[in-house]
Every structure is written in C-alpha cells, then in structure tokens.
Amino acid sequence: MRPVITFGEIMMRLSTPGFARFSQATSFNVTYGGGEANVAVSLAYFGIPAAHVTRFPDNDLGQAATALLRQHRVGTEHIVYGGDRLGLYFLETGAIARPSKVVYDRANSAFAQLEPGMLNWEEILADAQWFHWTGITPAISAGAAQSCLEAIWVANKLGITVSADINYRKNLWQYGKKAHEIMPELVAGCDIIVSSVGDAADILQIKPIKEDADAFTSVCRQIMQQYPKIKKIVNTKRGSVSASHNTLAGMLWNGQELLQTITHDITHIIDRIGGGDAFMAGFIYGLLTYQNDQKALDFAVAASALKHTVEGDANLVTVAEVEPVMEGDSSGRLKR
Amino acid sequence: MRPVITFGEIMMRLSTPGFARFSQATSFNVTYGGGEANVAVSLAYFGIPAAHVTRFPDNDLGQAATALLRQHRVGTEHIVYGGDRLGLYFLETGAIARPSKVVYDRANSAFAQLEPGMLNWEEILADAQWFHWTGITPAISAGAAQSCLEAIWVANKLGITVSADINYRKNLWQYGKKAHEIMPELVAGCDIIVSSVGDAADILQIKPIKEDADAFTSVCRQIMQQYPKIKKIVNTKRGSVSASHNTLAGMLWNGQELLQTITHDITHIIDRIGGGDAFMAGFIYGLLTYQNDQKALDFAVAASALKHTVEGDANLVTVAEVEPVMEGDSSGRLKR
Amino acid sequence: MRPVITFGEIMMRLSTPGFARFSQATSFNVTYGGGEANVAVSLAYFGIPAAHVTRFPDNDLGQAATALLRQHRVGTEHIVYGGDRLGLYFLETGAIARPSKVVYDRANSAFAQLEPGMLNWEEILADAQWFHWTGITPAISAGAAQSCLEAIWVANKLGITVSADINYRKNLWQYGKKAHEIMPELVAGCDIIVSSVGDAADILQIKPIKEDADAFTSVCRQIMQQYPKIKKIVNTKRGSVSASHNTLAGMLWNGQELLQTITHDITHIIDRIGGGDAFMAGFIYGLLTYQNDQKALDFAVAASALKHTVEGDANLVTVAEVEPVMEGDSSGRLKR
Amino acid sequence: MRPVITFGEIMMRLSTPGFARFSQATSFNVTYGGGEANVAVSLAYFGIPAAHVTRFPDNDLGQAATALLRQHRVGTEHIVYGGDRLGLYFLETGAIARPSKVVYDRANSAFAQLEPGMLNWEEILADAQWFHWTGITPAISAGAAQSCLEAIWVANKLGITVSADINYRKNLWQYGKKAHEIMPELVAGCDIIVSSVGDAADILQIKPIKEDADAFTSVCRQIMQQYPKIKKIVNTKRGSVSASHNTLAGMLWNGQELLQTITHDITHIIDRIGGGDAFMAGFIYGLLTYQNDQKALDFAVAASALKHTVEGDANLVTVAEVEPVMEGDSSGRLKR
Amino acid sequence: MRPVITFGEIMMRLSTPGFARFSQATSFNVTYGGGEANVAVSLAYFGIPAAHVTRFPDNDLGQAATALLRQHRVGTEHIVYGGDRLGLYFLETGAIARPSKVVYDRANSAFAQLEPGMLNWEEILADAQWFHWTGITPAISAGAAQSCLEAIWVANKLGITVSADINYRKNLWQYGKKAHEIMPELVAGCDIIVSSVGDAADILQIKPIKEDADAFTSVCRQIMQQYPKIKKIVNTKRGSVSASHNTLAGMLWNGQELLQTITHDITHIIDRIGGGDAFMAGFIYGLLTYQNDQKALDFAVAASALKHTVEGDANLVTVAEVEPVMEGDSSGRLKR
Amino acid sequence: MRPVITFGEIMMRLSTPGFARFSQATSFNVTYGGGEANVAVSLAYFGIPAAHVTRFPDNDLGQAATALLRQHRVGTEHIVYGGDRLGLYFLETGAIARPSKVVYDRANSAFAQLEPGMLNWEEILADAQWFHWTGITPAISAGAAQSCLEAIWVANKLGITVSADINYRKNLWQYGKKAHEIMPELVAGCDIIVSSVGDAADILQIKPIKEDADAFTSVCRQIMQQYPKIKKIVNTKRGSVSASHNTLAGMLWNGQELLQTITHDITHIIDRIGGGDAFMAGFIYGLLTYQNDQKALDFAVAASALKHTVEGDANLVTVAEVEPVMEGDSSGRLKR
C-alpha cells in the first residue's frame, strides 16, 4: 500500500506526573507529538504505511523525537535537520473541574524556521496516496505556510488525496498574517477537511446562514460551493461534563447528507490530548478501508474515544481494538 | 483454628505502570499471584490460617514468590522446589472502553511439570479443615490434574471440606485432554463449587433445561443430582459498563433456594484481576464464620467489590473493612 | 495588604503512592501540611499575604517543612524552633468503597511542647489583618491551647478579625481536658467560625432545639446568643457516594439569613485531604474580596471542590481557576 | 536446627532516594530495620532458623514491619503488639566527603514502652539455641533494659549461648541511668561480645593498660577477668577513606590469641547501614558452622563487606555469596 | 552503504532497579537485547546500516522488542513472527564484591523454535556486506543451528564477510548436541572470529601448545591452519578488580602479528552487560572504516570501555564519543 | 547582615534520570539553576542573606523557578516578570570515560530580553553588602550586558563589594559583540574576580608573559595593573581522571602572594554541575567570615568538593558540613 504522508511540527511534550500541578513537579514525563505526526502514528498502528515530514534541530533531542516515530513504525526518511531548537510544550493534566493546562514554548523552532527549498515535495510525495496537514502549520511561520502550500500543489498535481484539520489556534498566527489571508489558498487544494462552525468563520470567513436549520450543514454547503475540490467535511462534537468526563460524537457532510454517530460517554479520562488527531487518523483509515462514509465516521469517533485511554499524544490502538467500540461494545471486558 | 489449604500455580505478574500500553512500558511492576493463592492471601488477611501448596523453580524468582506469600502470612511449608521456570503473565491495565490485556507465558512451568509423587497430600492435609482448588490446575498438565485428584481423594478420606472454582479457561487444556474428560471426577469430590451456567456446560456438559424458569437454578439442580456431594453452588454476576466501571452481584443455590445479593456499583476501578478469587475467599470466610448462607454470600460479594480497589492479584483487605460494605455502606468515608 | 496569620501544627505527611495499601508500600510520598497552614498556603495562591506560626524541631525535617511553606510563598518569619520531633501522619488513599486511612503519629511534637512564653503574639500580630486557628490546636496540649488563647486575646485587643474552624477531633484531647472545658473561652474571641451541628454539640454543648425547622440555623442562633462576637457561622455539607465520588455544598448563617450554595458533584477524586481547609481559605479570600456573603460562600465551596483535584494537603489553585467553577462552569475544558 | 532468638527495637527507615538531601526529597524509600533484627534476617538468609522478639504498635505500620520480617523468613510468633507508636529514623545517604546523616525519631515507641511482664521469656527461649541482644536495647528505657536482663537470665538458666554487640550510643540513655550502671549486669550473662576499646571504656569502665602492647587485647583480657562467662570478644576495624570508600577488617580475642582478618577494600559503597549487624550475623553463622574461630571471623568480615552492596539495613546475601569473598575472591565476576 | 546483517535471539531483559536484589524488587526495568542484536544497534549508532534477523512471538511483546530495534535505527524487515514465547532474562546488578546475577528463562522461545525454511537467507543477504553471528545461536536448538549454517553458506556463496563471536556458554547446548559437534562447520565459514583460549578448547578442541610462548597466539595459529578462511582472531582481556571496577584490553592475531591495545581502567561501572558485543561492533566499524587492524582494535576496545557507562545491553554511543577514548582521552570532561 | 545580591539568568534544568542517555529517557528530572543563582542558594545555606535578581516569563514555569529560590531561602523580591520564555538546558550525566552532555535551549529567554529600564538597581542594591555577577550575563544579550553594567556602576557608587566569575563561554556571545569589546568595562568595576589564564586571554586579552615563572601569577599581575580596583583573583584547578573522578584545588593571588590549597580527590561523583559556583559562594562566605585569604580559599575549595556529592546545580550544604572537609577530614564518617 502506498503511504500516507503527514506534515507538521513535532514538539517535545513535558508533562507533570499523574495529576501534579506545575508548582509540584520535580520531574516531567517526556514524549513527542504534534497534530499531524499523531495521525501518522495512529495510522501506523492501524497498519497503514505512513511517513512524517518535519524539521528537527540536529541534536540529541531531534534524534530522540525521530526515534520515537521510528519506534511507532512511522517513516522518518523525509525528515530534515537543522535550525535552532525543538519546540516544546508543558502539560499539566487536569481532573474534575480543573482543566488541563498547556504552556507552549515553540517559537523559533527548527520547524518554524523552515524555508521553501528545504523540502523536496516532488520526491517526498512521489509514491504517496494521501497527504495530510493541519491549520497549525501555516499559523507557525511564513516559511511553514509556504512549504505547506507547495506540498498541496504537488499533491494536487500528482492526484494524491489531500486532507486537513483546519483548526484555528488564535495564539499562533504571530508572524504578521491572519488566518483568512493565508488559509483559503491551502484549503482550496483539499479533498477532505475537518472544520467546526467556528473554524469556518475564523479561517474561511464563512458563517451559517440564519435561515438554515443546522449551522454545520449551512456552513458546509457554503464551503463546498467556494471550494469545489472539497468532497467531505467532518467534525466532532465534544461535550465536557468535567475534565475527567467527556462525551464525543462525530458528524460528516458529504455534499448530500449529514451523517452522525452515536455519542460516546468517556468517563475516567486518562489523557485527552490528541483526541482530534485520533479522529482524523480513524477517518482516513475508515475511508481507505470501508468505502462507506458512515462506517468511516463511526470508526473515527470510536478511535478518538479510545485515545482518551492512552497516555501521550498519539493513539496507540489497533483496528482490532477500535472495531468492537465502533460496533457499540464499550464494555472493556477483559479477554484472557 | 485448623488451616485452609489452597493448591495451584503462582505466576509472576508483570504489569505496565499506570495505564501504559505494552508498547510504552520501560518498566513493569512485579508481584506474584494465582487464582488459588489469591484465596489463601485473602483468607490470611481475614485472620483464617491458610497455607498454599505449589511448585516453584529453585531459583531467586521462586524464592521471591515464596517470600511474597510469607509476607502476607500464608504458610509456605508445603511448597516444593524444582523444575524449569516460573510461569508468568504480562498485564496491561485497561480503562474506559479499552479492556485490560493479558499475555500469558506459563508453559513448562515448574508447576506444570508437577508429577504425582512430588506432593505428600496425607501430610499436607493432615490437620487441615478445608481444601480449595480451581479448574485452572487440571487444565495445565496431566501431572497437575493428577496431583489435584489425589489431593481431593485424601481430603475426602479425611473429611475435609473441598471447594472449587471450576472456571473454564479455553486457552489452557493444551495437553491432549478436554475439560469434560478430566473435571467430572474432580468435581465429584467437592462440597462447594463456583460455577457459571457456561462453565457447567463446558466442563460438566450440563445445560439449563429450557422449561426451567432460571438457567442457573436449572443447572444447579442437575449438578447436584449428578454430584451428590456438592451442597452449595455459587456464582457472581458481573456487569461491565466499561473497563473502569463494573457492577457485581452474587447468587447461591444451596439445594433449597436461590439466594441473591444486592448489586454493587464499582466505578473508578483500580485493579479488577482477582475479583473472583476475592469472592471465593470471602465465601469461605463467611461460611466458616456466620453459618448463614445469605451472610456468607453477602460478605463474599462485598469482599470482591473491595478487591477492585486494591492493586495486585490478591485482596489485601480485612474483615473490618468488608463488613460495612456488606452491610450496605459503600460511602468510603475517611476515618481519622 | 496586611497579612493573614495562621497558627497550628504542621505534620509531615507520608502517603503511599497511588492507591497502594500500607502493606504494599516500599516508598512514601512526602509533603507537609496542617489544617491552618493549608489555609495560609491557599491564601498565598490567592494572592493574599499570609504567614504561618508554628513550632518545628530544630533539625533537617523542621527545615524541610519550613522550606515547603516558603516555596508556596507563606511567611515563615514567626516560626520558632526547638522541641523533640516533628509530628507526622501516614496516609493510604482510598477508592470506591475503601476509605482513605490515616495513621497519626503526632504525640510529643515540637508543637505539642509549645509553652506560653515561646511565641510573642504582640509582635507576630502587630501588622496583621486576620488571625485564623482551628479546634485541633487546643486539642493537642495545654501549652498549645494556652498559646492559642493568648493569640486570640492579642488579636481581639488589636481589633484583628479572628476566624476558627472549631472542628472536633475526638481522638485528640488526650491531655486531661475535654473540649467543652477549653474551647468556649477561645470561641468567644472569634468573629467567624466553621461549625457543624455535631461540632457545636461536642465543643459548645449546644444542640438544635427540636421545634426549630433547621438544625443548623437553630444551633447558629444559640451560638450567636452565647458568643456575641461571632458574626458568621459557616459549614460544608459533604455527601459521600464513595471514596472516589463526593458531593459538596456550603451554608452560612450570618445572623439574619441562611445562605446556601449549589451542590458540586466531585467524581474521580484525586485527594480529598484538606477540603475543609480549602473551604476556609476560600471563605477568607471571599470576604476580603467581595464584601458579599453569598459570593464569599460560593467562592469557598468552589475552591474546596477544586481541592479534590490537587495532590497533597493544600489547595494549590489560583483565583482565576476558582472563579469559573464558582460561576457554575465545572467543565474543565482545556485552554491552549 | 533450633532457632537463634534476637531481641530489640525495629524502626521504620525512611531514606531519601539515591543521594538526595533531606531538603530535596519529595519521597522516602521505606523499609524496617534494627540492629538485632538485622542479625536475624541475615541468619535467615544463611539458612539458620531465626526469630525476632520485639514490640510493635497494633496498627498498619506494626503489621508492615512484621510482614517484612516474615518475608525474609524470620519468625515473628513472639512479637507482641501494643503501645503508642513505631520508632522511626530518617536517612540521607552520603557520598565522597559528605557523610550519611541520620535523624532519629524513636522516643516513646511501643518498644520503649515495654514492661517486664509483657514477654514470656521462658516460652520464647524454650527451644532456642542462641540469644542475641545489643547495647541499644538497655539504652532505650528502663523497661527494655529490664526485659533484656530477664531474657539473659532465662537464657543462662537454659544453657543457651548469649551474644551481644555492646555498642555504646551516647545519644540514647535518656531515661536517667548511665550505661555503666546498667550494662555490666547484662554483659555478665554473655558468652560472646562485640566491643571496641571505646565501648569497653564507656560501658564497662575498662581502659587499656598503658604497658600493654595492644589496646584491644589489653581491654579483652580485663573484660574476661571481670566477666568470666565471656569466651570471645570480637570487633571490626573500619577505615573511612570517604563516605563512598571504606576498608574493613575484623579481630577476635578468644582468651588465648588475637586473630585477625585481611583488610577488605570496599569502594563504590551502596549502603553501609547495618555493616556491624552483618558482621555479627556472619560471626554467629561461622561459629555454628565451622567450629573454627579464624574461619568464623573471616566469614563475618566477608559478610559485612558484602552488606555494603545491599540497599537497606539487612544483609540479604547467601552463604554461597559470602564464601568466595571470605576465600579472597572479591572480583565480583558475572556468572551466567 | 550495504547493510551489516546480524542474526540471533533477542530476549526481554528484566532488571531490578539500581542495585536492588531480586528479593527486594517490586518492579523491573525492561529492555530487549541479545548478543547479535546489540552489535546491530551499536553499528547503527556508528552510522553503519544494520538489520537484525530473528524470530519473535506474534504478540505485544514481540512487537515491543521490534519497536526497540526500530527506535535504534536497526532494520527489522527480515524478522519473522510465530512460535510460543519471547525468551527473557532477569538481571540483578552487582557492586563491589557482589557479582551481577542473571536468571535465564529462554527455553522454548520463538527463536529456539526456528526451523530451516522459515528464513529466506538468499533474500535477506542479497544486498548485505557483512553477516555476523555468535556461538549462542547454535547452542539454542538444532533449528537455530541449522538456520545459522544456512546463512553462513549463503553468505559464503555471495562473498559476504562473515564474523562470529564463538562464545562458549556451557549452560546452553541442551538439545543433545555438544558444541564441538556443531560449531566447527559453522566456524569454517568465518572470516573473523572472537575467541578466547578457553572458547577454542571448548568449541574447537584446540588447546595451546605447551612450547609456545603465548597461549593465545598458539591457539590462533592452529585455528587458522584448520580453518583457512579465518583471517583475524580477536579477543578481549578483562580484569575484574570488583563488580564496580574492571580493566579491559584487546588483542588481535591477524596471521602475522599479535596486536594489542592499552589497558582501559573502568571504575564506577554502570552496566557491563554487552561489553563483548560492543567490542565486536567496534571492531566491525573499525575494519570497515580504518582499513588498519590496530586502529580497528583500538576503536573496538574503546567502544567496549564506553559500554560500561550505558544502561542496557546495547552500546548507545557515537563514533564522535569513541574516538577521543580510542586516542587515549578518558577524562570525561564536560563540553558545554 | 546586609544581603548579597546576585544577578543572572536562571534556566530550567531537565536531566535524564541516573545515567540514562538522551536516547533512553522517558522522563526528565527538573530543577532550576544558573551560575549566579547557584551562588545565592549556597550562600543562603551558609546563613548569609542573599537575594537573586533575574527576569522570568510571567507563567507557571517562571513561578516554579521563583518558588525553588524561595524554598532555598533566597530573596526573590527583585525578580521581574515578562518576556517570552524560560531558558532551559538538557543534561545527560556522564560516567567514567563518557562526559556529561549539555544541550542548551536558552535563546530569546525572558532574561535575554532584559532591557535597561526594567531593573531599578538603586533600589535593589540600596541595602546590599555585595554584588555578584558572571561572564555569562554580558554574553547573553546587549540588554543583559547593559543591565549588568548599570548594576556595577550603582554598586561602585554605593561602595558595595563587586565580585565576578568572568567565565568565557564561546558558544554564547551571539548578539554581535565579542567578549573583549564588552567585558573590560564591567571587569573594571570588580573587587574580586575568578579567572583562569584562558579566560584572561579570551576576555581581557591578557596573556602570561613568557619570562614569568607561573602563568597564573603573571596574568594576575597584569590584570591588577590594568584593573586597579581588583584586589583578589582566584581560580580553581580541576583535574579530570574521568567523568566519575576529578581532583580539585584552588589558588588565589591577592596582589602580594599566591595562596594555594590542598588537592581534593573527588571520586564517585554524583553531580559536578555548579562546582565553580559552589567555589564562588564558598569564597564569598569565607571572606565575609574569616577575614583571612587562606581560610577563605580553603573553605571555597572544600565547598566546591562537596558540591560534587549533591544532585542539582546548587550546593545544598551547610557551614558545619564544609568545615571538617576544609580542615582535611574527607572521611565522610556517619554521625548518629
């Protein structure tokens, strides 16, 4: 099977042990993750060949991050090395009414310092079947945005499916451009996007039409009109009872109808970081496997629900583990 | 008080820390457990003298396993040493919709290599009041099955109460015999058994009579007819809302009536391994203490519920801790 | 802002890791806490200057306890050193139907050996705005009780607000006096107290009048009659579904009306020790900030609810974290 | 083989992890030890039946300490329960030029509260072959001293060998008696003692005669004259290059000649607590096994040298591990 | 560069934390290693492409072991899956005079169950430049020996360099054959071997000729006569001052002269497992890089010396780290 | 006593546990340190009041770093908050021939973004007795250099003693200036400096005169001629046997004579980071206490030697611990 290529920044994640607050920590657990790499890792666990494209500093930390990807069977042959530092983020895991807390320290990373010529997209995408990016990348720096745009162009030229979680992060976009100045050109090259109603407004300046019964459908119709390459728009609906207890459902507009999933009840959460990335990976797997939008969506939401049971950014679960949940068995019964 | 003697394999348990997946673990927590030894440990915590009979390899690991039993006040004087290795199992603790996962590595253990002459049952049982075994032992090897049969014979001869959790494990029984070829002779020597409707079918080839209102009662009646020594048949009913949230109730057929308990709601599970063994230990304690089937059953289920709060295989709780739960107080209120 | 002064014993807290039982622990997590110091730490996190008065042994452990206070920005300049030992307590954290368990080892502590002349209250309270004590202190030793009384006298003389959580601990009071022989004189100097109906009976020998509709109000009216300096009596109502799941509400009698809060549902508890102290700190903060009894009470209960998410005795949360919960948002939504 | 009985206080040992200072520790490793119990544990590892006599508080900590002894195969059937608390000590492990540091917190322990009638020495020693005590016990309290004296009387009456490490600890002896007022009567009942020249002076008021060539021999001669029951006096000579590097040799006066061992070079020390107890256990083992003073002494020093490689108070090594070291092979070569 | 192919069993390594004894461990650190895979990992760290050939059980543990290789950049594409279990070994790290201790549990592993047809050596070795095996593999089972022989035949046919550490392990060879019945045919296909004088006697039945001045040279001459394909015989000379302090030197007979290295003083050892494998990897790197026997040997010994500073089986050091040590700078000076 | 004021950047230190390599770490130990703050902490442990001046980002990490200083009794009242991030460094602790390794990630820190007006030196130094800085600060950014210069001017104006470790770090100095362009003006305001012969060349462009017998003295004479305010120049001489074994001596030129210390042998090193800062703190303490250059120097080197036994950047030892080492007792004998 030809590989899925993902592209984006990977940060070192430094999290306090258990539920310790930053003010209590004398050690941090360390792993590496990023919205797009999390998709690659999850796909690799689903048996889909995946390779990640990024830029790391040429030091022990860049090597360690690369090694984690390799460990999880993600191809690292397209990674380039150079630049000043590895971006990182600090995480304090919340519980009950106390939210998890993230302190980002990602400015001036090797990835943010990407410049157009550094990645040879023709070569990288030569035998790929899918290219995935997110709205975080163009928000990081002009160079990252430009690289992403090049990748989309090449992918379009080669007839490779392009997906994106367009994901508006208002604390990024510090390099002098606004999301809606940059993103439309990139979104135009996509076949499939994840977008909430809010993202569509912030990024594409598309708002629901008041007369429309359903805001999401309203927005989707408009997006598809303006961006005719887009064939499917998906989204998740997360309910937050508490930091320890969420609910999750998915929805998909495929141009004809609005598909929805059951709502998963997720209580006793272990780690909710990366839930959206797990959804995306599940959806890509589902589309590649089932050729059935509803099943793909069901798989995606079940996969995302399972992510909440896994420590770290990435969804280290197999298809055999997702399938029962997708089919409605969330009983977690021990098998000996 | 004369001791309860338990007999069976003890394995090293290697579990990933917290909720880590096997693919994430750089260390394992280590303890030792086995279905029958767990009963002995729990009884010792209840103040009932108990000794465990098994076979360990004559190395540091066998010594460490022995030491754990001694630490928990279980008699180890009848343990024999020799053979090739200690059986072990790897455990990954599940959460929410992700089940716990067990990888067994128990073939060719010192216990599986047991041969009839190795244990002197006349001596071991000389001053005992109770002998307990489970359906795991005869499933391991012909030698283990034969040893177990000898023990039952001696116990019957000496008038010692015999109990068994007959427990069908379809992945065992690899030595060329089927459960129903071996088990009936062993079950025939029992006074008390734990059996589900499924176990009865798999092991004793007894199925509920369609006309009977209640499957469990139907099966129990038939068992008691065929195995007249058996006086009580107990079972637990576990509901699995998720890997983090179970419900638990118990039932008992004593030849005359079907007794039942309230259903315990067990959410925020710490460790559910050994829940059935905790039930058995509670039931033995209850019968020895209360001379009242309902109270014994209530105690057993309350004990099993508490097991879900204790890390490791064995139920390290005291009678003083079980009693309030048995009496309906599950509030877990801090006492200073 | 002039500081709040708290006074009381600080113990080393030795807790088993995770949910391990005492019989399983090969290490203890160590921190330091005490009912009154916990109030000081929480106030410091709320930005209120606070200093704690206590006595520590003049050794490495006394230094370590002092350092923890300093770390959390609590003033330690009034601490005196001497005496034999640091009191300590061992904690095993419960779950589900298994309660947390505390083993105290606090007899003959440096604090219990306090003698009247050791603390110069005139100096300590010279520029303070508030003095807080609890019913634990007079229960420890005659010297501690006497010191506390002196402090209250000085505070009254200087016109400083005095608050107390009168808190009856029946296992203390070992030095030959009963609570009701000592406490009334101390309570008489208070402006604000925390008291349950039970505490009022045990400590002040005041019981609800049968004819009164509400027991708490009945008791409050009587207290205020006998102790006219007291202007507000507060209390929390804790429901215990299990050791992992509590509910919490607060109530306040201010002489005119009974104020109440919503009931917070607190499930997946991390650490409930210090919940009452967090309430007290929240109430002091609220009164100093809002000049509105209802808001102060709402803040106090929200702060206490959040305490259940924090490991250790003290409530390491900020005002910005309490406010949304106080305003009804317990969703714990991740903010990036 | 008839058991060796040891008698003395057991404390909880709370040590900082690795080489952390007290001011850095957020957890303590916990184990249990005491000068005499360490001897019992070591003997049990050498295959000599041993039982320890002590008094523990009747709580979870007393149970945990008991369990540790049982785990290490030491008999606990003579332990009595009651009293206020478990003594404890805090340990910070030194390195290089920084000494290890101990903070004791043992006053008012269950053991210190021992009173004469509590232990039935006739029964305890009925089938024993050896009784061992140390100078720490009579230093703790009058009751402990009295109990020890009774034990020695009974042992003498029953013809049981009595050994003691007379061990002067100047920070103990707080109950109004001096060592030399109490100890001579106890020492008089011994067959074998460990004593340095300094101990002899402090405890027995015996000093080397100036004319004598060797101070130790001089002291030994005088001791044996005054205490004719004593047949062997042993001692170790520890050289301290640094906290990480010690040297160790042993010497023995048996009334006729001064025996000495080679000097062991012990560098890269893991844990030196309990080195003297390991020596004593080795010497008891040696005498019981070799009936040759020189071999017993060589074994004792080799055992003590190995103790420095074992974490915790007790010397968890086997005879098969001591023998090569005793025979001069300190190469520590890996055996597969 | 064409890859080096290594072939052999990989075991899970379960080691006690720090210097804890087996009887003290409540957790094990887990990693994966094997004599030949350690060579592959080290080569990968030296920048030499390497792939390892082995057989793992088709379960989570086999996956985890594969992932570790991938993490360290070792090719895993030739690994086959199947069979019963993963071999494992338990390690207790020694110190001073206490040797490290290994408990093997490797019988009936997936690797031991290898059968000739399972590995397609023509394909595996098609583009390789080097094949490396050790004397452990033929000692495990007839199937493993046969597979190894096939590999050597194919390598010889393809003109690939073959190296072996012939390594006699007397506790293996349990399948009915003796080393000297099997090994000569395999050794005959080698270009380079590691062999001590003892190995040569045990495996090849070649002993030093008494008249010869140097035993190693004497043996090497005879080996080269009988096995004319062998061009270089290397060995290390390890001195064991203690388990914490070793010395290490290397020697090489290349048919003409005996080359030797300086003796490295290695004190404060962190982990000496895999020292020989590190030597072998260093020697392969050296030969491929320097085309100078002395430099290759110097590099090999320096690499092996550095291994003693790295936890785990494999030598995770780079060429830039080995070179200064090879050139005589063992100062370990911090570079900022 | 009036406080010593130190000024400089504090970084988060993230170190791998034990001796793990970066490629093995799944967690980092976290503490905070910096060359000048380490001096302040050490002085605080010596009982000298000390306050540190720096700039932290206004987030949880800046708060945690502040808390660590407070914990160690260092004044934090002059710290200012703002800017983008906390500088950090990653540490891998070496052993034997493997050096410790540091990866810096300190660019664009809050401290580097210091601008002249941000610190009110008149106020900060108003009641100080000593101001200490290092050559790291002017190397970080123009703003930091300018701030440092202002501080020195104010200190000179107020007659406060100024000391500096002039410390050339060639990997800093990235902002367009060279050390010798900036440093002389700062050095001119110092009373006491630490400088090696190499530092003097790199920073002050002063080299030993060939005819002079001793290079250090030669350089010192020239420095004092050009910088007449300087009264004492000190330095340490570190020998590096291995990463685990160093030697250390100190020397001092006071304008008249060259003082020297004994050479300390430091083997079994725990943590050598901060050894120079410990020396400086010891020297400041010594000068303030002994008014004797030789004693001050002896104290400084003894303090630095002890630092090698303490984990973390700062020297957490007391005067009572340094004094015996200073007086030649490095035996590390346990005191009970």
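Odds and ends about this structure:
For clarity, chains are labelled A, B, C, D, E and F in written order, and residue numbers in each chain start from 1.
As a convention for this text, a contact is a pair of C-beta atoms (placed from the backbone, for glycine too) under 8 Å apart; a residue touches a chain by one contact, two chains touch by 3 or more.
Here the structure is a predicted model, which is why all the values come from computation and not from measurement.
Graph distance from chain B to chain D, where chains that touch are one step apart, equals 1.
The chains in contact with chain C as well as with chain E are A, B, D, F.
The pair C-F is the one among A-C, C-F or D-F whose contacts match those of B-D for more than half of the residue pairs. Ranked by how far their CA centres sit from the centre of chain B, the chains are topped by F.
With centres defined as mean CA coordinates, chain F is found 45 Å away from chain A. Residue positions 18, 23, 26, 67, 72, 101, 267-268 of chain D each touch two or more of the other chains. Taken in their complex, chain A has these residues touching chain E: 67-68, 70-73. Across the complex, chain F meets chain E through its residues 18-21, 23-24, 94-102, 104, 169, 171, 240-245, 267-268, 272-273.
By the touch criterion given at the top, residues 14, 17, 22-23, 25-31, 59-61, 63-64, 67, 84-86, 90, 92, 101, 103, 105, 107-108 of chain C touch chain D in their complex.
Residues of chain D that touch chain E in their complex: 18, 72, 264, 266-270, 302, 305-306, 308-312, 316-317, 321, 325, 330-336.
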